[in-house]
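Input: structures, listed below.
Across the two complexes that follow, subunit A remains constant while its partner is subunit B and subsequently subunit C.
Let's turn to the complex of A and B:
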């Protein structure tokens, strides 16, 4: 064991840092998926497409900013701006035109409707941005690298991924928890989640809450995508792999669990990056192995409690 | 006439029409063979829809059946044996995976199937040494009962196999759905708890339908591999699973004929339209799927059978 660590310590450290960075992104998407499911009771299969569209929009806006001669630091707000635009435009559009019609339908039909939306958005994204890889890495070079000590080694890693991404993810986690439990709007959302009828009887406009939650969820997905842009090359198909991966996180954590999703994202993110580093063929399998293993023992997910609070 | 009789009659008429069409325009034979194969796979999806479950990952079994043919063809070039091998392989895979996924319903059922199929897709892509990655594998020419055939009679043989399998599976699905097991399947959709109260294991009921659907998808995959003579990981991609679900909803989950009507309509439109609107194909499918779900719940078969019924009342 000692020898192994001496030889592979730096590699292991690198894998851990990769894992933390990707966990931060997965968490952003999974938490949105979870929140929307918790409130609307609809699993949005097109959530992955919102991630992809957010990513492409971020690249477009970022490249536009650069070509317009804006200073380099402007590439960071460009990412945020892209997420806001995508969420605020597509979120209400999808909720109003589509989801609103199917809240009282059977789960199978709800799934089919969001799946159909997924098919539409995947092609829409290809029509707008084409199939050639798109990349925009200005924010990464802007923020430089930082030396991370790991055991006897020092690993230089880019600041964007190892500091900014986890910081944003943690801020989202804490912000969301405070928002839901401490603010009036948050408590209204929780009320609708717990018992829609009772909440409506108290004078809460459930339809407004649904619209608000879905838009917010869409923004989180788009933000996840936008934040992934600087370190990834965007190709068709990222939407599909994202929804599958974030579903794996949500299922492993237990549907509706927010803090649980954070821990699970970390577990799956690190599991996957360790696989990438040491056994690359297994990369795609590891998240699902973790999921299947957990579900076999606890069908309701790691943190899921059988039918209880949902957010 | 009773409903089953009408269905059987329509099925035989449809089969005859297909044979005539294939004789009249030889290139249609290829399209119709694929349509029959997909219809068989969609029949399996329809069984699951009966139980109120939708799988977004059945392309896994189609691809498994197809790759079984591609892997074994060099050492065992007999079409019938390859079909049996593909059927066995996918049945076993369906049983193993089914034991896991039949514990879940609705969202989990759909998404777990999707996840597993995406894993399989990535494995087909990554394990280049065995699968030749995205290049895919060419299926060498096959023999039938030990006799190598020329191209035309080979095509007819596969077409005939597809037709016989489609009729066979169609009749079987009918019998299955009418049996207590099949009735229990619909009960999973309406009220599962009552099934369990009656002492019927709803898990096993769903498992039986799942294994059947895997077997059907596997046979479909084998037929597709024998017809197109080339298999690629795209067979397992989520768009392929989406296509199956699309056809099931388009055809209508009401009757056994729905999947075949849907598949024939789908493949014929695809031949003409897919090339011109290749970039928007999924988008169009998605839009039509939405329209069918929102406005014509019963699909093509639903529209047809309501016509038939109205005709009988009048």
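Let's turn to the complex of A and C:
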């Protein structure tokens, strides 16, 4: 064991840092998916498309900023701007034109509709950005690297992924938890999540809450995508792999769990990067192995609560 | 205050209300009695706009509210305590009580005044205020649901089977609270449903009996 660590310590450290960085992104997407499902009760497969479009939009806006001669630091706000635009435009459009019509339909039909939307958006994205890889890595080079001590080793890692991404994910986690519990709008969202009809009887306009929540969720997905841009090469299919991973996180954590989604994202992110480092052929299955192992023991998810008794 | 005119409603294609008419006068106390499945809950849900009507009208405070969206009905002063309490388990008792008043964007002073009035009327709620609603017993939950309805029910409160599943001691306490309702909230009309008429007899001025979605009998309590 000691020998193994001596030989592979740096590799393990690297895998952990990779895992943390990817967990930060998975969390952003999964928490939005979770929030949207909690309120709308629609499993939005196209959530992954919003991630992909956010990523591409971030690259386009970033590259545009660069070509317009804006200073290098402007590449960071470019990412946020892309996420805002994608969420604020596509969110209301999708909710109003499509989802609103299927709230009372069977889950199977809802799934088919959001899957169809996913396919349409995937093709629309190919139409706009093509199939050649797109990349925009200015924010990474801008922020340089930090030396992360790990046991006897020192691992140089880029600041963007190891500091900024986790910081944004933690800020999102804390901000969201405070928003949901401390503000009236947040409590209204939670009330609709718990019991739509009772919330309506308390004077809450559920339709408005649906629109608001979906737009907010779309922004989180797009933000996840935009933040992935600087360290990823954007190709068709990133939306699909993201949504599948987010489903795994949401199912493992349990529905409606925000803090739980963060811990689960970390677990799955690190599990996957350890697999990539030491047993690359297992990379694809590790998230689902974790999911299956958890659901076998706790079908309601790691942090899910069994329905409380009514009387 | 509240009037149903020949209300017809279906649930999943099956007729549940077949022309229900009833009147709740301002400050009046009315019981709607009927067996399980007779249409009591559906009648109250119809008043709250929670299901589409196939016919008839719902008048609230003299206005036709039939097409009014459900979430606007608390604005007209209607408070509703559904069957099964339906509290928000994650919230504290206080947050549950405040929610409908906050959603109406009432002034802070008015919200405080109403909360104080509810706490005075149901002192047990003041002691439970900081407890999570999910941890309450059935009886405590019913009290909170009543208090929550009173926070916005300035004209009427609708209580759906409040005695259902209550232990005898709690049922007595609940009945005592209802008896005091008129003294504490004289302007608030009461519409309460129950399957067992004996519990409500001393508490109301008038009863309607509903059978298979139709009002079978109505009359002043004295003659019933």
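Note that in this section the second predicted complex is superposed on the first by the 307 of 311 C-alpha atoms of A that agree within 3 Å, B and C clash if a C-alpha of one lies under 4 Å from a C-alpha of the other, contacts with A are read in each partner's own complex, and residues count from 1 in each chain.
Rule of thumb we're sticking to: a contact is a pair of C-beta atoms (placed from the backbone, for glycine too) under 8 Å apart; a residue touches a chain by one contact, two chains touch by 3 or more.
Fair warning: this is a prediction, and the values are worked out from it, not measured in the lab.
Participant: Applying the touch criterion given at the start, work out whether A:187 contacts subunit B, subunit C, both or neither, answering first, second, both or neither.
Facilitator: Only subunit C; A:187 stays clear of subunit B.
Participant: For A:154, using the defined touch cut-off, is the partner it touches subunit B, subunit C, both, or neither? Pick first, second, both or neither.
Facilitator: Neither partner.
Participant: Just to be sure I read the superposition right, which of the two partners does A:93 touch: subunit B = first, subunit C = second, or both, or neither?
Facilitator: neither
Participant: Is A:178 in contact with subunit B, with subunit C, with both, or with neither (first, second, both, neither)?
Facilitator: After superposing on A, A:178 lies clear of both subunit B and subunit C.
Participant: Residues of subunit A touched: more by subunit B or subunit C?
Facilitator: On the superposition, B touches more of the residues of subunit A.
Participant: I'd like to know which partner A:170 touches here: subunit B for first, subunit C for second, both or neither.
Facilitator: Touch status of A:170: no partner.
Participant: Using the touch definition from the top, say if A:204 reaches subunit B (first), subunit C (second), both or neither.
Facilitator: It touches subunit C, and subunit B stays clear.
Participant: Using the superposition on chain A as set up above, list the residues of subunit A that contact both subunit B and subunit C.
Facilitator: Touching subunit B in the first complex and subunit C in the second, no residue of subunit A appears in both lists.
Participant: Please name which positions on subunit A make contact with subunit B in the complex.
Facilitator: 43, 45, 98, 101, 106-109, 111-113, 115-120, 122-124, 126-127, 240-241, 244, 247-248, 251, 255, 281, 284-285, 288, 291-292, 295-296, 299
Participant: For subunit A, which residues count as touching subunit C in their complex?
Facilitator: Counting only subunit A, the residues touching subunit C are 184, 187-188, 190-191, 194-195, 197-206, 308, 310-311.
Participant: State the interface residues of subunit C toward subunit A in the complex, per the touch definition above.
Facilitator: 48, 50, 69-75, 80, 82, 84-91, 95, 99-100, 102-104, 134, 138, 148, 152, 165
Participant: Residues of subunit B touching subunit A in their complex?
Facilitator: Against subunit A, subunit B makes touches at 49, 52-54, 56, 100, 103-108, 110-112, 114-116, 118-119, 122-123, 126-127, 189, 238-239, 242, 245, 249, 279-283, 285-287, 289-290, 293-294.
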